[in-house]
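Chain naming follows the written order as A, B, C and D, and within any one chain the residues start at number 1.
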Amino acid sequence: MYSFASDYLEGAHPRVLAALVESNAVQTPGYSLDEYTQKAIEVMKKEIGREDIDIHLLVGGTQTNLIMISSILKPYQAAIACDTGHINTHETGSIEATGHKVVTCPHHDGKVTLEGLQAILDQHSDEHWVMPKLVYLSQTTELGTIYTKAELTAISQFCRAHDLYLYVDGARLASALAQKENDVTLHDLATLCDAFYIGATKCGALFGEGLVLVHDDLKRDFRFNIKQKGALLAKGRLLGIQFYELFKDGLYYEVGRHSNDMADILREGLDKYHVSYLAPSLSNQVFPILEDRMIKEIQTSFVVTVMDKIDETHHAIRLVTSFMTPKQACLDFVKKLDDLLG
Amino acid sequence: MYSFASDYLEGAHPRVLAALVESNAVQTPGYSLDEYTQKAIEVMKKEIGREDIDIHLLVGGTQTNLIMISSILKPYQAAIACDTGHINTHETGSIEATGHKVVTCPHHDGKVTLEGLQAILDQHSDEHWVMPKLVYLSQTTELGTIYTKAELTAISQFCRAHDLYLYVDGARLASALAQKENDVTLHDLATLCDAFYIGATKCGALFGEGLVLVHDDLKRDFRFNIKQKGALLAKGRLLGIQFYELFKDGLYYEVGRHSNDMADILREGLDKYHVSYLAPSLSNQVFPILEDRMIKEIQTSFVVTVMDKIDETHHAIRLVTSFMTPKQACLDFVKKLDDLLG
Amino acid sequence: MYSFASDYLEGAHPRVLAALVESNAVQTPGYSLDEYTQKAIEVMKKEIGREDIDIHLLVGGTQTNLIMISSILKPYQAAIACDTGHINTHETGSIEATGHKVVTCPHHDGKVTLEGLQAILDQHSDEHWVMPKLVYLSQTTELGTIYTKAELTAISQFCRAHDLYLYVDGARLASALAQKENDVTLHDLATLCDAFYIGATKCGALFGEGLVLVHDDLKRDFRFNIKQKGALLAKGRLLGIQFYELFKDGLYYEVGRHSNDMADILREGLDKYHVSYLAPSLSNQVFPILEDRMIKEIQTSFVVTVMDKIDETHHAIRLVTSFMTPKQACLDFVKKLDDLLG
Amino acid sequence: MYSFASDYLEGAHPRVLAALVESNAVQTPGYSLDEYTQKAIEVMKKEIGREDIDIHLLVGGTQTNLIMISSILKPYQAAIACDTGHINTHETGSIEATGHKVVTCPHHDGKVTLEGLQAILDQHSDEHWVMPKLVYLSQTTELGTIYTKAELTAISQFCRAHDLYLYVDGARLASALAQKENDVTLHDLATLCDAFYIGATKCGALFGEGLVLVHDDLKRDFRFNIKQKGALLAKGRLLGIQFYELFKDGLYYEVGRHSNDMADILREGLDKYHVSYLAPSLSNQVFPILEDRMIKEIQTSFVVTVMDKIDETHHAIRLVTSFMTPKQACLDFVKKLDDLLG
């Protein structure tokens, strides 16, 4: 039974895996001080178009978020996220576990809004409140939407005007970058944000997130933070090898395109029947709202995730495609829809 | 130039890597809820000879230590380690970062002693002091030595008499288990300790530490702790696949034996010249004390780690062998010694 | 200019102060091991009608909340509060600073609701979310309202059914206990809650909060938590002396009655003009909604706190009375109202 | 039975208490924003001879230490103390509870040494170790000794050369300042240290520690740290009133002198019999080494603290005098000695 449950259900892109096999017997220094990592960082900097940035390769997304955020906040400072933000919901209070509150504002299609940010600043007026200091957002968002360059620029300007760091969680950045309507490049992210991460776990690697530090405040002694949180991989080369393969000639973009293309097949299949969506996602996540009866039927052939209850007879479900999703699985899904609705 | 700098300089044992390659396209649930992980845990439980234990597969050693220790201590409780204990020195205060003091006693050949433990308990008398609650030790120790069954039993009895948890860091457990004079089995560890981990990063895997929870206090809701610390690997299958390969037919022991055998070649070469050692290690780490002049010569052909200064003209160095160390590299080292000292 | 800004603007009730003066030269052991503290705890237990409880006397409310909550939660567990809860807003992220998320639900007149609690439990389904484990509420609430015995019983039953601790912040408990419509006694609190504190800083003392631990889980080694958070007062006797004076013959209730009576004068003065309120408080806080123009006039004679903006021309203000508020000040306020509105 | 157990056994100096009584009915803003606090800070700045410092008045010593140290260290940074340092022993791991390791060096008469500091820096070489960033010492030390100006200057220079903050715990600073051989003034402390606190709990107040922040790095947003740790006293005026009384005309020095004078009587009584001491204290703590038999006899008439075991028949005891110790109690002690030894 094919699963659309997530984009971490398979191993790595075959090219990434081959690179790991090929390098296996070579001796290198540990803890990301190896040449593979050095080469990966070089090609990533080139792709971003900036030399004055630091890049650290980490294993997972929650890990990356908690290290990044805890490294820069003073004890009384807080992160801001919208209520659907991954750090607010699905990371088991990992930010709070490092001592920092996550202050939330309502999302709009999964996105932080300027109104939400302003309301938080208005409320947090003195030392009886935490001091908001960092804005966290995700690209793609948890609802599969993406920020436009105009939206991100406005948030960036707001942050700079109010002395807030801007940090972007790019767990599914390949899908965002490859989306047809996207106008935000890696270079733009480095221009507009103080830090962001280039996710690979969900974008072609066995595991790996490339954290990009742009603001100078964030760079100093960063490896201490990594090591302290148990995230300095002994065989750090494994990260270097994978990221080098993903970035040396554009494989990362290809991975994003493939997963989006597969999701497009699902979307087209759904649109035929004028299905509504929980959010207007054009990336590798699709959130159709379906009758519960029909969801049950689909689940006899596919693994999908049931999300929000919409009304007494409908739920939204989540379908996720990956760098490895076969076209046939998507076509089969559409055929199933046709059988049920056609 | 061959490096004896550590046992994490190469990738994985070829069989482990092959298992990863073979399973790459299979879809599985994420977050260690897959069948590979289930199978790995089954063979590990069988090898330990206990069904009433919980096993969690994690990525790295510092991560495993900090999750394990922070999960069970109350805010005012502390871990005890000897002064050379890895958590006291080389983990960037990761235990303290979770809020807990590491109280230390002097080591004897890298080992915790009953006298040291008793002195700590005598001193920590009331609520103005932290309350020691867990004893941490390493097998093999940071100096390559191992606890005998008698020693471990005595410490275990002390801990139970004083309501202390006993936790063993097995980063190099394969080497300990395979050492000729070892009389402590995995089953013994489960009998004598409340928790321990079976290290794989330094014992044949790309990465991975298998945390074994024996005491019931430690088991409840443990996955929350893993997730909160950013250690719940999305593609948890990678750990399951590797551990299954290492334990399904004894590869873990073979890996330990090979690394010890290679170290034995180095030891025999050194013993010919009546070299002294920093500690009486018979495992995959060797700590000869050599003239600085000679160390410089050796470093023209091999990477080694310079450790403690012994006197004005001598240092101890550290030589580490791994599951992949070729016999020839060891013979070359011995020949170099013969050239220098013979 | 008389201030209705809060109930911590003066020193102590004269009887409390006299007790401090009288005992000044007596030598006692430090750290709350003195006889005054012992006597205070005895009269408090008698007043509560329970011997099987532990009482610890602490200096301040934020301190008490953070020690209490952090002492019992496991790293991945969270507190629940309504969005107006003091720990969520005015304590500078002190709970998060100990590692724990505060999960919020919408308030109803400053109160937690069963619907809100249920929605949180429904959402927090697995180890990707924090685990809610303690419900925090305030009596009186931050909006001056009080929970009835029926309401508190329903919440208590919900908590017990769902394995949640129930903890009540009684910073203004004297005012709650003395309110005419109140039907919740100290004994009821001990029956329905797992812990609560009897506030004295705002109820007659120079400082002091009496934390009552009912559930056995909470009692063990509690003094370690107090000391670790820097809250074990060297001259703990100061707390004992004050609480003994407040509880030996009912002064605590008298203090609550006086502050409520003074607020009643304000309320009656406002009601004459059919003023609306932000919340239906009958305790020592009054939240009238007034025209901005009139607020300005009032501020020429009295210090008041401007709260929520209601519309373009109105704000709510907060008036707080204390154990020391003179009747004349309240009458003067009413006269001011009459001058402005009459 | 008179107690020499500590210097926190009584209330406040009568003048301090009188000032609290006199001001009791006055309304002031809360949270240390009152005029008394302002005036206290003014006279303290004058006494220190510096206007470019920040002063915050806090309740207790452990509280002050943990707020100060946690406010400035980054997550991976550590405090250095000598092994007898109060934060390393008697504060229940309060620094570690904020996430920071306390790295220790051996003491010399209760003092940190340059050799000890250098050894720590040599050892902490990279990101696998915590980064030492602050040196903590006490004046008087936990053994009653004091740093000379020359010693403190050398440590200060060392700290500045190695980018370490220097912080002095002045729980018993009145006694240090008043000691006959002392050559370190408050002005010197502000010149040589980055922060220090002027203890009042053990020096004449009911409670209170005046934290002086000299280095600009330490000043920003400091009240957020105070509030978050539950240490922003609602009736902050109580601190202001007490410190104003202690510093407006030199009462703080008088308090130190009296306690030292009383200790001198004890010392002279002991010296007659050529008693040895655990440390060469000339301040308000005396650590004579006595036969166990004699200690038992003394304990029939006085409360004293038994400290280190020296040999099979001897222990050191601790005698502490305070701002309230009557001369007669000291003479009685000497008479007891004469009866036992004469």
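Going forward, a contact is a pair of C-beta atoms (placed from the backbone, for glycine too) under 8 Å apart; a residue touches a chain by one contact, two chains touch by 3 or more.
These figures come from a predicted structure and were not determined experimentally.
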(message) If I average the CA coordinates per chain, which chain comes out farthest from chain A?
(response) D
(request) With contacts defined as at the top, give the pair, B-C or C-D, that has more of them. (result) C-D
(request) Could you grab the centroid distance between chain B and chain D? Build each centroid from C-alpha atoms only and quote it in angstrom. (result) 42
(request) Calculate how many whole Å lie between the centre of chain B and the centre of chain C, each centre taken as the average of the chain's C-alpha atoms. (result) 51
(request) Go ahead and note the Å separation of the Cα centroids belonging to chain C and chain D. (result) 34
(request) Mind pulling the residue numbers of chain D that touch at least two other chains? (result) 75-76, 91-93, 97-99, 127-128, 130, 224, 227-228, 232
(request) Mind listing the chain B positions that touch chain A in their complex? (result) 2-3, 5-6, 8-12, 14, 17, 20-21, 23-30, 59-67, 91-94, 97, 201-202, 206-207, 224, 227-235, 237-238, 324
(message) With touch defined as at the start, can you tell me which chain C residues reach chain B in the complex?
(response) 70-71, 74-76, 98-99, 127-128, 130-131, 221, 223-228, 232
(request) State the interface residues of chain D toward chain B in the complex, per the touch definition above. (result) 75-76, 78, 89-93, 96-102, 127-130
